[in-house]
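In the part that follows, the structures are each spelled out as structure tokens.
Look at the two complexes coming up: chain A is in both, with chain B in one and chain C in the other.
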Partner chain A sequence: MIYLKIKVSAGETRPVNLFFIELIISLLFFSFSGAVVLRVFAYADSKARLGSVLENATLCAQSIAEAYSSDGDIGGALSVVFGEEQAAYADGSELTLDNKCSVSESGTVRLSYSENITEYAAGELRAVTLRFSVSGEELYSLTCSAYVPEGGAAGE
Partner chain B sequence: MRNLKIKEKADSVSAFGSMLLFLIFAVCTLLIIVTAAGTYSRISDDFDGLYGGSAALRYVSNKIRSADSAELLDGGNGLALRNGGVVSVIYFEDGELYERSAAADAEPERSGGEPLFALDGISISLEDGLYRITAALNGEEYSVLVREG
Partner chain C sequence: MSKKNGVRPGGAGIGYVSVIIIFAMVCLAVFAVMSIRAAQSGDGLNRRAGEYTAQYYEAENKANELLAKLDECAYNSFGSDFFADSFIESAAGTDGVTLTEESGSVKAVISAQIDERQSIEMTVMFFGEPSLHGGARFEVLGRRSVTVTGESGDSLNIWNGSDLPQ
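Then we have the complex of A and B:
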């Protein structure tokens, strides 16, 4: 073993083990590497969760769009997709969903929708924009429309 | 003599310290590997379940959209889709979703098809002009609606 001598106080010296120092440096290096690896895995995990939410959101948006395009009624479309009881939780034009896109008050996914109705002589063109967001950041949005011949000026 | 004993004691402490540090390093490394393996395994399982289930749903829903007409078979375990001169039968059997194509005038049969996706189950129902397709995979259920016609 190789020893160095360091001065501890006046007149007193103590041997220092180089192997010990090398081990501490290695430990620091591997700790740092471990921290980086854990951070990367945590990031990958969070991205995977977001990807899963996005996939469920696209399926949910597709279902709402299909239901909406049949009669142009957003309330009815939400009832068909989430069930009448669950759709009743809609707060104005918002719904809180969990990661699997089921209605949940403690969910982290927010579905907001806005409807735009344009009246024509022969009916109404209704368009609804669905926005899925997580923590305030928009994740996915879809606009779908339905033509309602009986509505608008024709229905009056 | 006294100095030799002190040196021996210092060597022992140094060796013990080195081994302790190495043990801490080994334990930390093991923890990182176990955590990483668990995370990777969970991500992989989630991806397999989610994308396997949603791919099957998208495939069936696109087939319904592109078909001239669709007919439910065996109470929702299968679907006969007529398109031009071809009838495609999509059915579930033994943990697999199969598709079999035949001439339009042939009787839709639920056998001899090509395997498409591995699933735990699939059910298709028609409610108020909307097909509800529900696929189950790895204990999770995924469903989507498709308009009839």
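Then we have the complex of A and C:
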């Protein structure tokens, strides 16, 4: 065992207590390591939240696509998925959603949609592209379509 | 502990605090790594599910595009004497479409690839006499996802409940 001694006066020495020195060094090591580990935990939490938002966006896009493919009406599809009152919050071609993809004015997820119509001799092929974005970055996009014949079809 | 020159070496045991601190940090580090791995695997799964959904609707878009072209052929064929022959002739060159005549009407099977293992099949009946079907030119009979079978094609022998061989 190593002992440290302080010379107090001539001929007299006093041993230094290493326990407190070790404690201080250990606490310093613990604080630095703890900071790193906490950052890792925070990163994992943010990644898990983003994954949850992506899952909800996928389900929401799928619901809108299924509702749109029946009659090619994007307004009707949004009403079916979000409810008529909530769909009215659509600002032109954008909608603000929360993390669970419900309409919310203070949400962080933005749903934007654009429709493209191709005319055929016997009807219209309507396609709509749905884009979900968080903080300006695109999270998920999906394109769905519906063929609306002139004269109609007998359905499925 | 030994006494030397009348002075007792001081201090409690050295090393216990370090061992405990190091053990705690190792445990926290392991938990952090496990949480990162769980978040990454969940994120990967969600991305794959989202990609498959997008691919499915891409295939459905192609199928709807083919349906539009076939409806155009049917629309142009109504003026001819033999609807089925005229329709099949005008739609013959369309890829991904199989046409069969059924009592003056034409059944079309539209196929579009989702990925290398699955495809979507839409079965549509084009009527030779729309007036008999409320003015509708066609009816979508159904849609389904079909798995592309492999080349081996050998099926397993499944026990059908008969007596066991002795």
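Just so we're on the same page, the second predicted complex is superposed on the first by the 131 of 156 C-alpha atoms of A that agree within 3 Å, B and C clash if a C-alpha of one lies under 4 Å from a C-alpha of the other, contacts with A are read in each partner's own complex, and residues count from 1 in each chain.
Operating definition for what follows: a contact is a pair of C-beta atoms (placed from the backbone, for glycine too) under 8 Å apart; a residue touches a chain by one contact, two chains touch by 3 or more.
Just so you know, these numbers come straight off a predicted model, no measurement behind them.
J.: Under the stated touch criterion, name the partner, chain B or chain C, that contacts more residues in chain A.
T.: Larger number of chain A residues touched: C.
J.: Quick one: classify A:Glu84 as touching chain B (first), chain C (second), both or neither.
T.: Touch status of A:Glu84: no partner.
J.: Please work out whether A:Glu55 is in contact with chain B alone, chain C alone, both, or neither, and reply first, second, both or neither.
T.: Both: A:Glu55 reaches chain B and chain C.
J.: Is A:Ala67 contacted by the first partner chain B, the second partner chain C, both or neither?
T.: In the superposition, A:Ala67 contacts chain B only.
J.: For A:Glu94, is the partner it touches chain B (first), chain C (second), both, or none of the two (neither)?
T.: neither
J.: Answer with first, second, both or neither: which of chain B and chain C does A:Tyr120 touch in the superposed model?
T.: second
J.: For A:Ser31, select first, second, both or neither according to whether it touches chain B, chain C, the two together, or no partner.
T.: Only chain B; A:Ser31 stays clear of chain C.
J.: Between chain B and chain C, whom does A:Cys144 touch in the aligned arrangement: first, second, both, or neither?
T.: So A:Cys144 only meets chain C here.
J.: Which of the two partners, first being chain B and second being chain C, lies in contact with A:Leu23: first, second, both, or neither?
T.: In the superposed model, A:Leu23 contacts both chain B and chain C.
J.: Is there a shared patch on chain A that both chain B and chain C touch, and which residues make it up?
T.: On chain A, the residues that contact chain B in one structure and chain C in the other are 1, 15, 17, 19, 23, 26-27, 30, 34, 37, 41, 44-45, 48, 51, 55, 62, 69.
J.: Give the list of chain C residues in touch with chain A in this complex.
T.: Interface residues on chain C, with respect to chain A: 5, 7-15, 17-18, 21, 24-25, 28-29, 31-33, 35-36, 38-40, 42-43, 46-47, 49-50, 53-54, 57-58, 60-61, 64-65, 67-69, 71-72, 74-76, 130, 133-143.
J.: Which stretch or stretches of chain B touch chain A in the complex?
T.: Residues 10-11, 14, 17-18, 21-22, 24-25, 28-29, 32, 35-36, 39-40, 42-43, 46-47, 50-51, 54, 57, 61, 127-130, 140, 142-147 of chain B touch chain A in their complex.
J.: Of all residues in chain A, which touch chain C in the complex?
T.: 1, 3, 5, 13-19, 22-23, 25-27, 29-30, 33-34, 37, 40-41, 43-45, 47-48, 50-51, 54-55, 57-58, 61-62, 65, 69, 118, 120-123, 125, 127, 140-147, 149, 151-156
J.: State the interface residues of chain A toward chain B in the complex, per the touch definition above.
T.: Per the touch definition, chain A meets chain B at residues 1, 15, 17, 19-20, 23-24, 26-27, 30-31, 34, 37-38, 41-42, 44-45, 48, 51-52, 55-56, 59, 62-63, 66-67, 69-70, 80-81, 100.
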